[in-house]
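Presented below is the structure to which this report refers.
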Amino acid sequence: MFANTLFLLSAVLTLAGAVLVVYSQNLMHACIYLLASLFGVAGLYACIGADFLAATQLVVYAGGVIILMLFAIMLTGGTGNRTNKYGLEKIPAMGNKKTFMIAAFAAIVSALIVIKVTIPVFQNNKNLIVAANAPTVERIGTLLATDHILAFEISSVMLLGALIGAAVISRPRKEIHD
Amino acid sequence: MDYTISTVAPIVLLPFFAFVINVFLAKRVPLAAVAISTLAIFGSFICAFRIFLDFQNVYAVGYHIHKVFTWFDLSAGEHLFKVNMGIYIDNMTAVMLLMVTAVATLIHVFSTWYMHDDERFARFFVYMSLFTSAMLGLVLSDNLLSMFIFWELMGFCSYSLIGFYYEKEGAGNASMKAFMTTRVGDVFFLLGILICWMIVGSTTFVDIYAAIGAGKFAGSFNVFGIALPIATVAAFSVFMGTMGKSAQFPIHVWLPDAMFGPTPCSALIHAATMVAAGVYLSLRMFPLMEAGHLLTFIAYIGAITAFGAATIALIQTDIKAVLAYSTISQLGYMVIGIGVGSYNASFMHLITHAVFKACLFLSAGSVIHSIHCQEMPQMGGLRKKLPYTFFAMLLCCFAIAGVPFFSGFVSKDRILGDALVLALENPSYWGVAILGFGGALLTAFYMFRMLFLTFFGEPRDHHIYDHAHEEHIGWNSNVPLLILSVFTLGLFYSGSFTGQGEINLFGSKNEWFSTLIHKPEASHLEHFAHYEHEDFGATDTRDKVELPKAQYDENHGMDEHHAHWVHQIHHLGAILSILIAFSGIFMAYLMYIKKSVNPGWWAETFAGWRRALQNKYYFDDLYINKIIQKGLLPFNDMLAKFDSQYYDKYVVDGTAVLNRWAFNVARWFDNNIIDSGMVDGTGASVRAVNLILRTIQSGKIQLYFIVLIVVLGSYILTLRF
Amino acid sequence: MISLGAYLGISFILFICGIMVMIARKNIIAILLGIELILNASALNFAAYTKFVNGNLEGHIMALFIIITAAAESAVGLGIVIRFFQLRESIHIDDASTLQN
Amino acid sequence: MAGSNCLLSLILWMPIVGVLGVLLMPKDKTTWIKAWALINTVITFALTLVLYAKFDQTQAGMQNAFNVSIPWISQFNIFYRLGVDGISLPMVLLTGLLFMLCILSSWTQIKKSIKAYFALLLLLQTCVFGVFFALDFFLFYVYWEVMLIPMFFLIGVWGGENREYAAVKFFLYTFFGSILMLVGIVALYFATNQSVDSFNILALSGGKFSQLNVHMFGQTLSFSKLFFIFMFIGFAIKVPVFPFHTWLPHAHVQAPTAISVILAGVLLKMGTYGFLRIAFPIFPDSAKYFSTAIAWLGLINVIYGALCAMAQTDVKKLIAYSSVSHMGFVMLGLSAMTVQGLNGAVLQMFNHGTSTAMMFFMIGLLYERSHHRWIVKPDGSRGYGGLYTQLPVYSIIFIIGMFASMGLPGMSGFISEALIFLGIYQKFTTITVLALFGLLIGAAYLLWMFKRMFFGDVNPEIKGYEDMTKLEITYMIPLCVAVILFGIWPSPILNMMKASVGQLASLLATF
């Protein structure tokens, strides 16, 4: 009962958020809807006993990525629609009818792909095993430190690289401003 | 007396025929229409009074008269399905009929004075007749379906009467709000009816009681894969009907706005009868509420309503608004009564409240009519100008505040006493008891605040005061008020003055109310199973058995020891109520007569809360601005836009466009490929490939992505797993 | 109610929404939002397969790496966006169609 | 009874006599034409009342006293078969009544090519009667198709500003459905080995095709399911059921008042009548199989139609969407397949016919005065406002129609809706709970519309509107009486249909 309710709420949150990200015409709102959707995904993780994942999802996405996004939006001039000195739109429109038509086409094609790929999953797994819920943190820790140590290290190096890279790239350089 | 078509049906049919006749008469002969309406309701009163005497003098508790006739019959072949209508009269019905007809008669009489300047004088009576017939039909109903029919008819009358002054912009909003808000409850009520109909096979109370006794309501109910116990769902659905009609939190928002209607209709519909119909329904379905284990919920809804509405009433300046919120609050007490199992007292409060609230509204109407103003800060000192109105209102304020010897004390105190008893037995009810007593304090305060502001002190607006008409005694202006105000004495409802058995004037035998009305205990429900349908016709086919007349049971069916304890607690509660009532009155006195306590100080100290009160706890804002304006309407616009501009335009008309493309392609094929394509195909193809490749290498990342998807898609889609 | 089908369905819709956002928007930041949706969809799939198909925790690990990658991607991506904005005063995706300056 | 045998043919061909009469009259004698058409429809309505009087209410199924069966194209076993039972009789009465009232309402509203208009209207009446009487599948199809022609011209010539588009859309949409139905007819013809009864609707019914398979595209499909879907789409377009509803707002908004009334009052019912007469009895097993899907579609109709109606600012479009919503209730009742549900559905067909006809008439009257239909004009100002003060009689009749349409207890809509809910509740609890909210939204959009149009101070634009004339009141009274009378006392209609509906329910219950 509780799990069902949680699942329903999270699913609705996720889907509504995702759909609103598509629907919203305001970048700032889209970002907030994305946050809602990510919260929903965390809830969905929680429903299937992925406690560590849920926590990570919340911390990394809600605490990190979305904040970053919001900063980026604000640093690039908020959501106002103005023209820059080249006569280009500073903050371009969030797509129009034409782009949405194209997007719908692409979405249909990719939907077909996903459906095609997913159908065997259902055909081959008629009676699925449902693993019991158990705390995962310890086991994930063990796995990360043993089996997946290489990937773990590489990802840490990658994060470091990303950190430095981001800082270097976005560093303001005066000489460009003419 | 015999219960046949000719003796019972006139109660409903007299006002109904008055309505039908007046629809045609109202325009042409307004005065005749008014007379017909008023006489019709008086006729109903006579019939109802006969039934009441019969029940009061002859029958036992638990005796009921139930007669049915076929409304329509769908039986065909082996399918049997029949819908019956009928009348169900027991003690509660008899009392209720008497109250409704009596109050309605007095209000009709008063309206002949109050409305006679109005250009739609007769039309008002058309609606009033329809309303009273619907209300009486509801009271006489033997089943939930006909109850629902009359219930909605009353909703319609209420809609029309709130929108009576339809030129005003607010009237339209208020009437629509009232109809829609109660409709929310009604939808649930209809669901409850459907559940009962499915489980019981009919909707008559008798069959439902029997089914509850036989335990047919066990089992569960699946919606969206969630299993809910069926009795709880049914009870909750029916109770939602009560919440809508009786303006319980959180769908109480319509009642204050309903005051847009003329004052006599506010008195009849939005104070005395229609709003009480919700409570009446819950009392009728009490066994279901009990079977659904919903009583705690009900008690808390009632307590929140009683207290919350009382707090809002504290700062209202419009005299009708104060009365409106006090109505919500008092209805909350009745609902508390249901929730704490205080069946008898809850029903008694319904009756006493109907009397004193009708009187209060009529008095307010009298004030408004004489000074043409509703704002209390502009009144003051009217005591000298309107002595009779003042007297009536004073008695009513005593009654509603719960001063001993008045009816409000008798009934409300029993409810609160029972709440206290229950709280001592079951700690989860403490909230109910505390909110109930708190609400009582506030009630005493705001009612006397209203009284003092209106009638005492110096006139604050001399222009209004000087133009006020002097009041003279008149059969249709203030005699109805005085009659009603006499019946605010507790003595008419209980042989003792206080309802506690402390001071017995006529001996305990005269506790007619407690004797007549008994809670339908679960163990008694079985006897409804051995019941046969009697035809409602020209003759009475009942077995004329003489049942022993009901006797007053001092212990209310409890054992000696427990009853003693309960009595003790009741005494405690009574003392507490009296203290609370007097302290509320005293506080009002200090603030508004003696002026030794400055109300402004309180307003400033609790400024935040005051703002919340002024906005009625933001419910209107939430429902109208947030949910409807921001949620529902944009959603509808989106759907409509989807329907006409996307679905219709692209999908449906798109097929036509496809068709056009198809023949364009065919024509193109014919012209270009067959005609000229074959000739200079080579050069053109090279140019075409060139063009395509150049377009693809545009540097636009989204295009790359689409190409990626398409290629990947065509690859994967051709794979066979 | 909590079933593999439900999870795959949700992740499917998330994915499609992501694709829609990625292609329909002309705003680079919005496109990044779409990418986040797609990454979440795949991570959700991994977690769901862990629960409903084999039960070992490889899926969780994979989802974890996806989250890490997403974080890194958004950091670098947004850095580029801000830089691009400084250069061109625009974050229109079609303004980024030349690879020279 | 010798006379009874030709009664159905008499009713059926009476309007054709009217058409011939209209065609013979000179073009400029408009009053003669109108009077002739009126007399004709009055006689037709009187004949339907005779039919009602002679109808045996206890007999289930087709009434032998009225049956007609004459060979028409004997090479293909096509007969001229007519019959009437409890399901078609209410529709026949409704048709007779509404066409009579429509002639009255067109009396002053139609200004151009009066002769052609009345001829087409009477031709339409014959086709509608034909659909309700026909017992031969081919005959049914012929009437069903021929009906499109007068309808196309009536919308396309006498309609509003965007009439050609609406007419073409209506025509093509319905035609698409008819073609699917034709495929079904041909399939049935071959499935019965081209025997004598291959077009006899009565002989086909009873679930004879439940075991049959059909091979298509290398797959083996159930004959019954495949062709049920074909028939379903054919009829669903007419109802209209959700994905096929978009012709309706256009057609209703563009059509002249009388045609909107006919369209909403009678033509929509032909779709649901098709389910009751053809799709359900011939393929009861598939009907049962798809009942959940039908119920969900009905629910979508109810909610979606109501929500769309709420967003409309054109009052005629609002009522058009409300028809979508109300026909959703009929679909819900059909999907229940219980006695209560089916009775409720047929009753709702009748009641919706009266109440929605009333609404369209009233809006037509308003349009005659104001020449626009905006509740809120496109520039944001209000289109009406304060009509209650300006037009008191009009307002009262409008209120009656509105509350009947809303399903206020005591009005006709309530009983049918309650029966439908009772029927559907036994089968689909969740759908019932959701559909109940359709009632809520239904009240909301109507009251909101009413509030914006009728309450408040008088809009200066509406000053000078005249209240209803005697003629207008005259033709609204029968409908007022019908919605109130059948709300209080539904037995006349229910007694007519209950035997036949009970028979259908029993048939469906065996699968």
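A, B, C and D are the chain letters, set down in written order, and residue numbers restart from 1 in every chain.
To be clear about the criterion, a residue touches a chain if its C-beta (ideal position, glycine included) is under 8 Å from a C-beta of that chain, and two chains touch if they have at least 3 such contacts.
The shown structure was predicted, so the numbers you read here are calculated from the model rather than taken from an experiment.
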Pair with more cross-chain C-beta pairs in contact, given A-B and A-C: A-C
Greatest separation from subunit B - chain, by CA centre: C
Core chain by centroid distance, with centroids computed from Cα atoms only: B
Whole-Å separation of chain centres (CA-atom averages), subunit A against subunit B: 48
Intercentroid distance (Cα basis), subunit C paired with subunit A, Å: 5
Centroid distance [mean C-alpha coordinates] between subunit D and subunit A, Å: 51
Where subunit A touches two or more other chains, by residue: 4, 102, 106, 110
Contacts with 2+ other chains: residues of subunit C: 1, 19, 22-23, 93
Residue numbers of subunit B (touch at least two other chains): 225, 705-706, 709
Contacting chain pairs - touch in the sense defined above: A-B, A-C, B-C, B-D
Touch list for subunit D against partner subunit B, complex: 60, 169, 172-173, 246, 249, 304, 307-308, 310-312, 339-340, 343, 386, 388-389, 403, 408-410, 414-415, 418-419, 421-422, 425-426, 429-430, 432-433, 436-437, 439-440, 443-444, 447-448, 450-451, 454-458, 490-491, 494-495, 498-499, 501-503, 505-506
Complex interface listing, subunit B residues touching subunit C: 225, 698-702, 705-706, 709
Contact footprint of subunit A on subunit B as seen in their complex: 225-226, 705-706, 709-710, 712-713, 716-717, 719, 721
Sites on subunit C touched by subunit A in the complex: 1-2, 4-8, 10, 12-27, 29-30, 32-34, 36-37, 40, 43-44, 47-48, 50-55, 57-58, 60-61, 63-65, 67-76, 78-83, 85-93, 95
For the subunit A and subunit C complex, residues of the former touching the latter: 3-4, 7-8, 11, 14-15, 18-19, 21-22, 27, 30-31, 34, 37-38, 41, 44-45, 47-50, 52-53, 56-57, 60-61, 64-65, 68-69, 71-73, 75-77, 84-86, 88-95, 99-100, 102-104, 106-107, 110-111, 114-115, 118, 121-122, 125, 128-131, 136, 139-140, 143-144, 148, 151, 155, 158-159, 161-163, 165-170, 172, 176-177
